[in-house]
Structure formats: structure tokens, C-alpha cells
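Each of the two complexes below includes chain A, the first together with chain B, the second together with chain C.
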Partner chain A sequence: MSESNGTNKFLKAFGIDSQSRRRRDPLNVWVPLISIGLALVVGMIVIAVSGRNPFRAYALLFGDSGLIPGGSAWPREFAELLIKSAMYIATGLAIALAFKGGLFNIGAEGQFWVGAIVATFFGYWSPVAGAFGSMATALGSMAWIAQLLHGAICIILGMLAGGAWAAFAGFLYVKRGVNIVIGTIMLNWIAWFLITNWLVTGPMTPPTQTFTSGTYYVADTAKLFRIMMPTRLNTSIILVLLAAYATWFLLYKTTIGYEIRAIGHTANIGMEAPRAQGINVNRRIVQMMFFSGCLAALGGCFFILGMQYQFPNTATMGYGWTGIGVALIGQSEPIGVVLAGLFIGALRTGATSMQVANIPKTFSNIIEGLAVGFIALQVAVRYYLVKFLQRRRAHADPPAEQEAAA
Partner chain B sequence: MKALEVRNISKMFPGNLANDNISFSVEKGEIFAIVGENGAGKSTLMNIIYGIYTPTAGEIYVNEQKARIRSAEDAIQLHMGMVHQEFMLIPRFTVAQNIVVGDEPRKGIFFDYTRAVREVKELSDKVSLTVDATAITGDLPVGIQQRVEILKVLRRGAEILIFDEPTAVLTPEETQELFVTMRKLQSQGKTILFISHKLKEVMDIADRIAVLRRGKLQGIVNKKDTNEEELARMMVGRNVVLEIPKVEASVGPVAFSCHDLRVKNARGMETVKDVSFDVRGGEIVGIAGVQGNGQDELVNAMIGFTRPTSGSMELNGKSMRLVTTAELRRQGMSYITEDRARRGLVMPYTVRDNSVMGQHLNAPFSKGLRMDYNKIAEFAEGKVKEYDIRPGDVLDTAGSLSGGNQQKLILARELSLPHNFLIASQPTRGLDVGATEFVYRKLLEEKKSGKAILLISLELSEILGLSDRILVMFEGHIVGETTPDKTTEEALGLLMLGVGVDRKVVS
Partner chain C sequence: MTIVQINTTIAQMLDYTTPILFAALCGVLSESSGVVNIGLDGIMRFGAFFGLLGAFMSNTPWVGLLFGIGIGCLVGALHAFITIRWNGDQTVSGTAINVIATGLMTYLLEYVFSTTGYSPQLQNYFGAQEYRVHLPFLDKIPVIGALSNLSFMIWLGFICTILVHVLLYHTVLGLRIRTCGENPKAATTLGINVFRVRWFAVVAGAALAGIGGAALSISSFSGFSDSMPNGVGFIGLAAMIFGKWTPFGALGAALLFGTGQIAQSIIAVTGIAPKLAPGLTLILPYVLTLAVLAGFVGKSVAPAADGLPYYKEQR
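On to the complex of A and B.
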């Protein structure tokens, strides 16, 4: 009794208490699960049609995805799974948050890279890096404090920059009526070409290296802590879980979230209801885009400070695009986004070893695409699911009138 | 001959018996009305007859043959047609295109537009319903659009026509025209089912009237053997005071005033012209007028949605120039809208979450950034009891409530805001007798407590019954000011239509 009270108090401190729970629609859980199931089945057919053994393909795909413990390779695969997932969850959260507010922030990709380049810069820029370097030396065994601070500064500045990049699209939308999809997609390309064609090959490249080698490497103090040696697993997964919690809290516990969701629910009918009740819709939209951009940029910070330690010249786009699928599969709910991010991370991790067995890596992309496709068909999935459930219920207990009539 | 008969129809929704063992029959060539409050089960019943819902039990007979109606296609096959409340027309299509869409005349694989126009002209001559076949549908008045909808149904061979609340979107004159149309159809042997909650109209047009209450058939009466009061009693199950009691209140200081106000609509046309008036505490000022004479634009300017092009407005002595909606509400403005779905409520939000929108930043509903949903739920539960909002679970979505209960929720929210000026824009639109009476009572309570109220309404009885002063709006101008004891419904009606108004003033 007292223990459960303690648990309740603990949950309450995080804003989770039974009184304020929402009524949930069980279909929100079933639709993504069924969509993934359908995707796996259709994926099997596709593999079989191409003349390969689908069971062997799936065994390799999921066996090496890091989801199933066991084997000597597992710790490395598990680490890869979490590292990848952390980035997908970050961009997925960014897009989910904007979806909740009724906007399609297709610019998570650009915001991701803006975050990455800013984190890179403050990771190596000598006034900052030097200061934290000497601080680390001075602290000796307490050097981790310098690493914590430097990493935090890089992430915070990266997030602010990504947030500002997204907020600009929000500003154009509310002040000039520039469609948010058009605005963010334009800003994607502006960010991408500014970074890869200029910064990474110009001002941020060390003079002693060739132009193909990317930017300076960040200082050791800027790197994320590793938490499972010898793998390269780092704190990104913990940070992204905190970000998911923060997103949930923002949406469901704060006045801002209340207003954002009200705006999102009425976005396709002109948002008149929230406006008539005195909600400053324009300000909230810009703020929401800012938060969304911050989340996407967090993923970019992970990419640099947890994996690459520099902005490589070989970086390819895709993290923001993947986030769209993650947000869709996750039904735009933070917890759903976390699970969907892990699922996509697992597919991407396992894909590499599938390739070893001469099964093209693209098959995992096909499954991913199918899952998103079935989610997009969720109206249909919902319709048939409801029909199916109704029929089952009708069989279970026929209505009294019919019995009486018979 | 019986054109349509339903026997023992029941429809069970989860937790709600929408139709409970309903039986009636309609003679060929009859106008049969079905009346009932919002949520009494009228629409459910029509949707069953038209094949959109499957009944839980019961049978339907068409022309004395047992019919299996599983879809709207089946219903059309059986020569039934539904004229929907919200028209299913494509605004950019011409009238002819809209009428033939789905069953187009062809020349080879191509759409034969010339033949479509000819067919539509022939049809409209045959049933003597005049329309311009080549006009763009979206440019036509609502009454004519409805006529297009009727022609579309007739072209598919409908013999039984179902009209689902057809007058909800019409002006009084258009309603009269519709009734002329319905009588024409009747004289051509068509059978008409007419669904309404407006007793006056039903008494005007119907031959027989079926009354539904909470899913049950209360009775079927002949028009000539009944009257409005009896129907109202059957509908709500008690005596309804349709008479509005007089409430005296002492008139206080000016709460709202505007001077020489000019406002443009979304298309840049000036629809409010040189409007000046004021509203004092303890009085209800009614604005009468046919829809579309500048009322919407006036309200939009008052609530800060659009900026007037010239003129000034003051709320409690302070200029409203460049002030946001949020600021107006802080300064004491409350607003009841007729557009509950778009403007009044966030439909997917729960009753709880809707109940505090606009005051959610105030204590105790939030503290700093954090919402206190427990406090909000307590507040909402109190309001649900006080205003008798049904079914009464604060976690139900606003969209799942009936129109009357949605309006109660809006009233609960707006009247609990700190305010001294209330804009009530068509506050009883689409409401049944019971809910209408409730709204009247609340407005009079407001007046008694010294609030200033601006009532905008298309219903003359409402304007005459509630207002202390009446302004008549016509083509953007205030063309007359009077009091209820100095005028009549007829005199107001003429003024609303611009009869006797000095044309020079208006243009």
C-alpha cells in the first residue's frame, strides 16, 4: 500500500497521475502494429518473388538487428541500434510535434544539419575548445565535468540554431503566408548546400588537409560520453529519451501544449476556434516550429558528437526524411515515436548483415516503405478493423430484438 | 397506396438506443414530416431508410414490397432520393454539370456537355423548377443551390424525396419558395419526407406529422387536428414556454460603442457601412436582418478577427484599435457564436478541455506553464451539472455531443469568463425547443445581472421577445432603430428586406 503510494508520488512528480489521464483509443496502438505486420508479410512476398528465401532474410535482418540479445556480435549490434535510433527518434519527435500542431515540418532534414554544423563548430573552435581543454587538465580526475559542460554547450547551441532555422519557416508562414511545406523544404536545400558546398569544403576545413576530408575534428571534451565500452554506444539514447519525455510533457502538461494541440485539431478549418477564444495562434506556431527544429537539431548533434566527431564530406541526407516515417508509424505520440524509432533503427542495423548473405540492403528499405505506406492507409485499416470487431461482437452477443423476433 | 412503410425499426449504437421500435407508413403523394429535438433520432431514421445505416431490427417496405436497402445505391434503385442539409455540390461546376455528375451523358468516351445542358433544361421545364443550367453553382444563392440538389435527385428518378432539415440554411423567403417547390412536387405525385424541428414550418407544409422523442415515436398527427403547442409538448414531453418573459433591469453605463464603422469582407467588398450604435449594461440590443447583410463582418471586426477600414470601437471606454482578441477578452468581452463546429469549440477536444479555453491561463486552471487538468476537470464537472450538459462525462469529445449540448458547453464557458459585454450571434441556430428556451433563460439572467448584450439573430420572434432595443441591418447599414413594443414582426420583416428604406441612404 505504502509502496504503491510511493510509486504514485514518484509518477506524479513527472506529471503522470491517474486523474489527468486521457481516454485512449486502442486503435492508435493496433493500426501501427497491423501496418508493420502487413509490411512484413508483403516484404516476405517481395523477397520470395525475387528468388530469395524470405525466412533466411528475416532471420538475418532481425538476428543482427540488435533487438535479440545473444551472440558475441550482439553488444556491438545493440549499440549500433541505439545510436541510429537516437537520431531517428530525434527527427521523428520534431515532425511529430509539428504534426500535433497541424503542420508538416518537412524541414527536419535541414534543421538536423544546421544543428550538426553548429555543434561541430563549437566542438573544435579554439576559444571554446581550448578553454574546456585547459579546464579538463586543471580538473584532473574530475575532467568529466569539462566534458559535460562542453558537450552541453555544443548541443544547446546546435539546438538553438536548428530551432531558429525552423522558426524562420514558421515566421514566413504566419507573416507572409508561405506554405510551411514549401518554406521548410526550401530551407532544407539552403542549409544543405551552404553547409556541404561551402562550410565543410571551405572555411571549416583544416588548411593542412585535402578538401575531401571534411571539417576539423571536435575536441575530446565535446564528445558524448561512451556508456558501454568497447562499443561506441553513447549517451545520445538517454538524451533522446529525455527529449521524448520533454515533448510529451510539453504537449500534454503545459499551457503551450494545450494551445498547440487546439491549433492542430483545427488547422484544416482555419484555426478559428482557438483564435476566437483568444489564443495567439501566430506566436504559438512560431514557437512550435522552434521546438520542432530544436528536436531535429538534437539528432544532428548526436551525429557529430556521438559518431563522426567532425562534419564529414561524405555525409548524406536522410535522417529528417526517415523521421517522417518514424512520426507516422509512431502516430505522432512521443512514446510511439520512441518505439517506431527503435523499429526503424533495428531494420537499418540488420540490413547490413543481410547484405553479407547477398540479399540487397534495399529490402529493409522496402519493408520500411511498406510500413509507412500501410500507415498512410490507416483510414482503410481502421475501417476494416472496426468492421471486423463489430462483426465479432455481433456474433458474440446477438441483439435482444433479433432474438425476440426469431 | 403506401409509398413507404417502416415496421419496428430499431437502431442501437454503443450505449445509445437511437431508434426504438418505430413504425409508420407514408401514402403516395403525401408530405410527411418528422419532427423532434436534436438527438431525438430523426437523422438516424432517415439514414436507415436511405441505406446509410443498417437497422439493428425491423423492416422497410417500398411500394408495399419488402425492400433490402443496404446502401444509398439500393435506395436510389428503389427511386428514393435524399436532399442533404449540406449540399453535395461542386461550387466550380455549372448547374448542368452538377446535376448530371455521376451519371453523365456521353458521346463516345467524352462527356457530352451540350446534351447535359439540354437534359437539365428539359427536366427543369418538366417539373417547372427554373434554374440557369449554365450558371456556376457557387455563385448562386443558397435557395437556388438547393433547387439544383433537388433536380439532381429527380434526374435519378426519385419518387420518394427525403429532405433533411432543408430550411436550416435558408432565409425566410427562400423557405417559402422551397415550400412552393415541395407542393409542386407533391402535385406531380412525388412522396416527400420532411425532417425539421421548426414547428411553424411543419404546420405550414406537412399533411401528417410524426413526432420523435429520445428515439421513440410519440405519435402521428394530422396537421389539421393539431397546433404548434401540442407538437411542442409532444416533442419535449412537457409544456414549453415559447413566450419569453419580460425581465426588467436597470440600464447601466455604455459597455460597447462604435462610430461610423466600415468593414470589408474577405473578398474586399465593403459590407458594413457607417454603422454606429452602443450597448449599455442591463440591456439587450438586437440586430435584426436577413443573413448576409453585414452581420458576420460586424462581429468579425468586434472580436478582433478583421480590422475596420474606418471608424472606431470602444469597449468599456477604451479604444479597440489594433487590439487582439485575447486583449478584448481580458477586457470583458464574451462571445457566443452560431458556428459551433468551426469557431465555438475544438471538436476533438474533450468537454473538459473546451470548458476553460480562453481562461486556461488563469488560476486555478494553470500555474505558470503547467496546466492543472484535475482542477479543470473539477470545474468542468461543476459546469456540466449546472448547465445540464449531456451525456455528462467530461472526457467525451465536444464533437460527440448534440448541437444543443454543444451550445450549452459554449454558454458555460463564455458566461463563466469574467465579462460585462456579451456578443450572442444567432445563439439558438439549429437548436431544439428545449435548448432554445435554456439559451433565452441564460441571456435574460445575464441582462438581469447588469451585463450588456448584443444579440444578432435571424429569428424575428427571438429579436422581438428578448431585445430592449432593435436595430435593423440591411446591406451593411443600420436602416432603423425601434423597440419591441413599437413594432411588429411584419413591420420588421419589411424593413429587413429594405422596403421603405431610403435608397439614397443605402447606396
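On to the complex of A and C.
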């Protein structure tokens, strides 16, 4: 008794109140799980139809995904899993937050890259990088302070830029009535082409282009700390978990969050109720897009400061699109997004070694796409699930039916 | 700049225009009936691969074209099944199609041809001389002369634009499609089966997107590359909006965006301007579309019921 009280107090310190948990539809948990299950089954059929051994393929996929401990390669795979997941969780959170407010922020992709390019710039730009470099040498053994500060500045500025990019879409939506899906898709491609076809190949490239060109490399002080030394695991996973907690807190423990959810619940029917309540809907929508963009840009900062250390000219789109899947599988709840992000990260990590079984690593895209497809079909999934459960119940106690007949 | 150069440049521009045009027409048809199709980029990817596959197996591009139409119909039917039969979220369904297309086409490319990145090149494709539509009498005229030696797909694009226009604005079915997009409730009251009309519009539109994909792999280029369609579907989406959800508007927008795509080479040939940063010409379609949506350059308004699932018994 006292023990559970202790836990409750501990949880309460973080704003989690176990007494007032809302009752949720249990199907909300089952729909994503069933969708993933169905996606994996269809994926298996795809492999089997193309004449390969699905069991061998899945053994490779999950064996090397980093989920199952053991083996010499495990620490490296586990680290890869967490590094990849951190980015997918970030974009997933961005999309989940917008979903909660009734908006489909397809633009997480663009916000991700805007965050990435800004983090790159402040990572290498000599006035900033030089200042922190000399600070690191001055501090000597305390150089980690400089690394902490420089990294934080890059991440904060990256997030602000991504947030501003998203808030612009929100502004166009509330002021000029531009549909948020269309607006953010357009901004995605604007960001992508401006960054990859102009900044990365032009103004931000070193004058002496090498074989692996791209932008300048960021200074050592801008890189994220590594926390599991032989592997390249860095603090990104910790930061993204904090971000997930912050998102949850924002949504469920603050007035802004309440208002965002009120807008989201009524988004399809004109948002009359929140307006009548005195909520400044337009301002909240722009703010929500800003937060959403910040989260997506955080993923972009991880991509640069934790993995690449420069903006490579070989970067390919996909983090934001994957984030849509993560948010949908996670049912737009921060905790669900974290779990879904870990799952997708695991798929991506394991898919690399499926190449041994002659299966391209984009196979994980098929699974993700199918899972998203089944979630789009969730009305059907729910319908057949309920039907199945009812039939089983009818089987379990047939007397009830007989009694009714009698 | 000689007449030949002008004409080749215009012909080249039309080559870029065609896939955009087909994608935009897909959007026009589908969204007129009230179903948003974000997945048209993915449908084009399906069309590009299967179009190539058909052309490769039969050694004639006509079979490739049929394959493109067929796979377009199939994927369109999937989208319709999710969004119309089960009222699924249209944007989510479209996203699913895009993501599946990314993974599955790479998988199939590797499975069928045992290569990565590029399929084998075709000898017989619509861009090859013997499959072009020759109109030698136009040859010497500037600008119009560009039409003298075009791929069949480009002409098909123009024909489809007219067909979609006639369908939407001069037939009963077209009126019904537009009614379903503007006010499905009223359509039901008039005895129109909203679901059947939307099924038709989505599947027919997706067939157009399938042709558009095939136009990439068996007309503009002579093979499938793993990066296809490289966002062309989204430019098509932009063209649809910029063209205010009408077929001829889509044609105009596609021509404009096609010009934007090759603006770089036009500038290089004519030397009228110093080399612009390539990113700046590539973003043109998207900036223009945003401007048009925001009402800075005219105003573009979507069909009223666009993107909303229809529940028959809901008030």
C-alpha cells in the first residue's frame, strides 16, 4: 500500500496522475498491433511469392534488428537501433502533436531538413565554432562544457528554424485558408530543393571539393556526446525521450495542450466549441505548428550532429514520411510514438542485413507502408475484430442464446 | 538561336510536361469527385515500373502502356477500397501507397532484373524514332515545328486533357462527379450513387497517373530508375491546384512547370541570364502554387467536399 503510494508520489512529481487516467477504448491498442501483424504477414507473402524463404528473411530482419540481446554484433546493432529510432520518434512526435490538434502536418520532412541545415551551419560557421573551440581549449579538462553549450545552441537554433518553417504553413492556413496538407507538401519540396540543390552544393560547400563533398564538417564541439563508447550511440535517444515527455506534458498538463486537443476534437465540425470557450483558435494553430516543426527539426539536428557531422550531398528524403507511419502506429500518443519509433528503427536496422537473403533493404518501407495502409483501413479492422470477438463470445457461452430462444 | 534549337527545346519541355500533366489530370478527376489522392506519386512509381516491365517483356511499348493503365487501375482500386468502401482517411491512404511504392518497386526491380538503381534500357520505347508521331510538313515553322516529331505519349496527354474536360463538363457522368465533389448529400437526394461515382473517378484518375508513370519510363526515358518519379507526382498535385482543379488549367500549369524544370538548360542555350542556382528554378512550381492558394495571384478553391469521407446516413 505504502509502496504504491510512493510510486504514485514519484509519478505525480512528473505530472502523471494515476488516479485520473481516462478510460480508453482497448481497440486503440489492438488496431496498430493488428495492423503491424497483418503487414508482417503480407510482407512474408511478398517474400514467399518471389521465391525466397520468408522465415530466413524474418530471422535475419529481427535477429539483426538490435531488439534481441546477445552476439558480438549486438551492441553495435542496438546502438544503430536507438540512433535511427531517435530521428523517427522526433518526426513521429511532430506529426502526432499536429494530429492531436486536428491537423495533418505532412511537412515534417521539410522541417526536418530545415533543422538539419541550420544545425549544420551553426556547427561549422567560424564565428560560433571558433568561439567554442577556443573556449574548449581554455577550459582544458572541462571542455565538455563547451561541447554542451555549442551542441545546445545548434539544436535550439535548428529547432527554432524548423518551427518557423512549420509556423509559416500554419500562418498561411489561418490567414489565407491554405489547406495545411497542400501547404506543407509545397513547403517540403521548397525546403528540399533549396537545401540540396543550392545550399549544400553551393554556398555551404568547401572551396576544395573532395570525393565526398557536401557541406563543411561541423566542429568537434558541436557533436553530440557519445554514451556507449565503442558504438556511435549518442545522447539523441535521451533528448528525444525528454522531448516525448515534454510533448505529453504539453498536451495533457498545460492549458495550451488542452486547447490544442479541444481544437483537434472539433476540427471536422468547425471548431465552434473552442471558439465559444474563448480560445484564440488561430493563434493556437500557429503555435501548434511551431511546436510540431520544432520536434521535426530536432530529428534533423540528430541527423547532423549525431550521425553525419555534415550535410551530405547524398541525403535522401524519407524521415518525415516515416514519421507519419510512426505517429499513426503510435496512435498519436507520445508513449505510443516512442514504441512505434523503436519498432520502425528496429526494422530499418535489421533490414540492412536482409541483403544476405537477396532482399533489398527498402523492404522495411513495404512493411511500414502496409502497416499505414491497414491503419487507414482501421474501420474495417475494427469491424472484423468486433465481429470475431462477438462470435467467440457466442461460442463460449451458447446457453445464453438458448435461454433467449426459450 | 536557330529554329531547330527553339523547336528541340520546346519538344524537350513537352517531354517534361507530359508526366506532370497526367498526374495533374489524375488529381483533377479524383478530387472533382471529392477524393484527395496524395498517393499519385506512388501510383506513378507503380506505373513507371510496370510500364517498363510490359514494354520489356513484349518488346513493344504499347503493352507497356497497357500495363501502366492496368496497374494504375489496381492501385486506384486499393485507394478507393480504403477511402470509399471503408471511409479511411484519404491522406493516410495516399501516404501508405507512396511508402509501399518506394519499397515495393525497389524490391521488384531487384527481383525481376537483378539490378539495383537502373533497369536495363529499352530499344523500343515511345521516344524512339520509329514510335514518334511524324508530321514533316510542320518541320520548318518556328515553335509549332516542335510538334513535328513528338512521342506518342505527349499527344496522348493532350487527348486525355480534352477527354477529361469533355467528361467533366459535357456529360451527365461529369456533372454527377462534380456534384459528388461539391455536395454528396445533394447528389444522394438526386438518386446518384455517390460511392459508385467516386469509385469510377478514383480508378479512372489512377489509370491516368499510371499512364503518367509509364510516360516517364517508356517515353521520356528509355528505362526505369530507382529514383522515379522523383517528386513528379507532387508537381502534378501542384499543377492541379495551380490550374484551379480544371483539365485545361492543369495543362497550362503543367506546361509552365515543365518549362521550369528545363529552365536551366534554356538559360544555358540562350545565355540570356547568368547561371542561376539550380534550386531556385526547381522550387518555382511550389512557390507559385502556394502563392495561388494564398490568393496572392488569383484564387484557387478546391471542391467543397474534397477530402471528406461520405457517410450516407449522417446529417
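Here, the second predicted complex is superposed on the first by the 384 of 406 C-alpha atoms of A that agree within 3 Å, B and C clash if a C-alpha of one lies under 4 Å from a C-alpha of the other, contacts with A are read in each partner's own complex, and residues count from 1 in each chain.
Note that in this section a residue touches a chain if its C-beta (ideal position, glycine included) is under 8 Å from a C-beta of that chain, and two chains touch if they have at least 3 such contacts.
On a predicted model such as this, the values are computed, not experimentally measured, just so you know.
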For the combined arrangement obtained by superposing on chain A, do chain B and chain C clash, or do they fit? clash
With the two structures laid over each other on chain A, which partner does A:S126 touch: chain B (first), chain C (second), both, or neither? neither
With both structures placed on chain A, which of the two partners, chain B or chain C, ends up touching more residues of chain A? C
Identify the partner contact of A:S364: answer first if only chain B is touched, second if only chain C is, both if each is, neither if none is. second
One more residue to check, A:V379. First (chain B), second (chain C), both or neither? second
First (chain B), second (chain C), both or neither touched by A:T196: second
Is A:T137 contacted by the first partner chain B, the second partner chain C, both or neither? neither
Figure out whether A:Q277 sits in contact with chain B (first) or chain C (second), or with both, or with neither. first
Using the superposition on chain A described above, determine whether A:S50 touches chain B (first), chain C (second), both, or neither. second
Does chain B (first) or chain C (second) touch A:T314, or do both, or does neither? neither
Chain C clashes with which stretch of chain B: 3-11, 39-47, 93-101 or 201-209? 93-101
Enumerate the residues of chain A that count as touching chain B in its complex and touching chain C in the other. none
So in the complex, the part of chain C that touches chain A is made up of which residues? 36, 38, 78, 82-83, 85-89, 91-93, 95-104, 106-107, 110-111, 116, 231, 234, 237-238, 241, 277-280, 282-283, 286-287, 289-290, 293-295, 302
Per the touch rule above, chain A residues touching chain C in the complex are 46, 50, 104, 106, 172, 176-179, 181-183, 185-187, 189-190, 193-199, 201-202, 318, 321-322, 324-325, 328, 358-360, 362-370, 372-373, 375-380
Residue ranges of chain B in contact with chain A within the complex: 8, 10, 12, 21, 56-57, 303, 305, 324-326, 328-330, 335, 337, 339, 341-350, 353, 357-358, 360-361, 366, 369-371, 373-374, 377, 395
Residues of chain A touching chain B in their complex? 15, 17, 19-20, 22-23, 253-259, 261-262, 265-266, 269-270, 272-280, 399, 401-402, 405
